[in-house]
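Heads up, the next two complexes both have chain A, just with different partners, chain B and then chain C.
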Partner chain A sequence: MRNVGGARRGLNFWLLQRASAVAMAIFLPLFLGLALSRSPLDYAAWRALFSHLAMKIGSLMFIAAVLAHAWIGLREILIDYVHPLAIRLPLYFLFATLYLVCLVWAADILWGLG
Partner chain B sequence: MARLRLRIYRYDPESGAAPVMRDYELEIDPRGRMVLDALLALKELDDSLAFRRSCREGVCGSDGMNINGVNALACVTPLEGLRQPIEIRPLPRLPVVRDLIVDMSQFFQHYRAVKPYLINLDPEPENERPQSAAERAELDGLWECILCGCCTTACPSFWWNPDRFLGPAALLQACRFITDSRDQATDERLDYLEDRYRLFRCHGIMNCVEVCPKGLNPTAAIGKIKKLLVKRAL
Partner chain C sequence: MAARPVWLNPLRMRLPIGGWVSILHRASGVLLCLAVPALLYALMLSLRSPADFAAVAAFLGGGIGFLFVLALIWASLHHLFAGLRHLALDLGWGEARGDARRTAWLSLIAALVLTGALGAWIG
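Here is the complex of A and B:
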């Protein structure tokens, strides 16, 4: 079969991968700094840390960035190594579902803290 | 005179035999000599050995091959300092025609695909299309490519998708014409490249930079194209 190439594809994912990396690089040191400044960092302090709405939103955004980054990276790996469409497509769906579940689960955990 | 040990990939499709690595010993003084000198001396002893070469000074790009695991031009790779036996194989991932000669069709198909020529629809000038010194300087690091194929065949992304990823050499050439102040087809060129295979299979592995015999940086050229794509999109 002829190889077909789509114009105007690939840039968005490539950009999103960079953007999510920047988001992670900004959030992680801030979070670590904030967490380590609490002493003693016991269960109560850890729970209190996540009680603020800003922290919940920040954490969820961070997890979304991690998952987006992982999804794009995984997609690249599948494009590189898994050529048969009959295998690649189920793998796409499998990981897309898995990552989506992770995101919803993370939201549930964060907002379930009360 | 020192004895030089070589191990060379031999394949003759007409014989029907599978490719083998054959050992050779050669009386040659390695000082100041290149791998190509050894190959030429070897061909005196065994004229069935086939390899491409022409200018013997790193200008024509004919004798790209894999020397001790690294793609290089035999004519500019000094014998001195090479681990022995020197293992010489054809460039990876391309069909072997015979011994060290590979079929470069795929490589040149990608090269043709990026339209490696000026596209300018203005009326033909009487003499030339002038450039300022600064505009000309932008082409430095891009025009020097001799299309030896060392970079593209060292690129894992090309190994996995040789038919769809253009490879560092073709992308460097694409960048060369995108950068050219006299070219008017930048948008069309970017349209062609904005594809998840042709350009975006590059993961910045930088094997191309490592092996380029002319010291060029295809990864930087690819980065430049990506930057232009972002600029155009936003």
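Here is the complex of A and C:
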């Protein structure tokens, strides 16, 4: 159980963590600006906001960035505090599964609107 | 080799301000990680029907729901500011001790003040 991680994987995660952070820092203010400029922000306006294809794609990419960022962050914390691999690896798997479910769920929410 | 006694009393450890911002960056990150499924659930409900939209708005607008919103706003802002500080440090900006302390205080206070302002504006 020594080589469960490659030497380069850490660097890739490090880069992806920063790339997803920048993507979120750009998208979130844009989204809040768009959402808050709809006044009043009632159900019709909220739904109309997500009816555009660009909004659906942008939102799904934002959610994908959140999920990737969350998993890498949890991985880092688990490496620091949970040392036995027999516990740590199932936790990686658990959150990876949970977040993949979240990604498919998000796509279903967005594209289910029609 | 005899086992050496280890006695760490967290109450007697003096964490520098950068350490506080760092550990709160982690704590806020964990909070946001756990909140993701709940937020997706709220998004789903809010887009499903006008009645569900109203129910989500009512829940998040008062009581426990509002505390949840405040916690998430603080966690997002603290994580964002501490994260931007991290990115700056990656690029070699603000690494001198005095600068690092000032930006640590700045991110900590900015997150708290903005959370209070947003909470007052929403509530």
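The criterion applied here is as follows: the second predicted complex is superposed on the first by the 106 of 114 C-alpha atoms of A that agree within 3 Å, B and C clash if a C-alpha of one lies under 4 Å from a C-alpha of the other, contacts with A are read in each partner's own complex, and residues count from 1 in each chain.
The criterion applied here is as follows: contacts are C-beta pairs under 8 Å (C-beta built on N, C-alpha and C of every residue); 3 or more make two chains touch, one makes a residue touch a chain.
None of these values were measured; they are calculated from a predicted model.
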Exercise for the section: Figure out whether A:52 sits in contact with chain B (first) or chain C (second), or with both, or with neither. Expected result: neither
Practice task
Once the structures are superposed on A, label A:25 by its partner contacts, choosing first (chain B), second (chain C), both or neither.
Solution key: second
Practice task
Report for A:38: first if it touches chain B alone, second if chain C alone, otherwise both or neither.
Solution key: neither
Fill in the blank from the handout: Of the two partners chain B and chain C, more of chain A gets touched by chain C
Practice task
Using the superposition on chain A described above, determine whether A:102 touches chain B (first), chain C (second), both, or neither.
Solution key: second
Handout entry: chain B versus chain C as contact partner of A:113, first or second or both or neither
Key = second
Exercise for the section: Check the residue A:8 against both partner chains and state whether it touches chain B (first), chain C (second), both, or neither. Expected result: first
Completion exercise
Seen from chain C, its contact residues with chain A in the complex are 26, 29-30, 32-33, 36-37, 40, 43-44, 46-47, 49-50, 53-54, 80, 83-84, 87, 90
Exercise for the section: State the interface residues of chain A toward chain B in the complex, per the touch definition above. Expected result: 3, 5-11, 13-15, 76, 79-81
Exercise for the section: Give every residue of chain B touching chain A within the complex, in rising order. Expected result: 157, 160-161, 163-164, 191-192, 194-201, 203, 226, 229-230, 233
Fill in the blank from the handout: So, in the complex, the side of chain A touching chain C is made of residues 18, 21-22, 25, 28, 42-43, 46-47, 50, 63, 66-67, 70, 73-74, 77, 95, 98-99, 102, 105-106, 109, 113
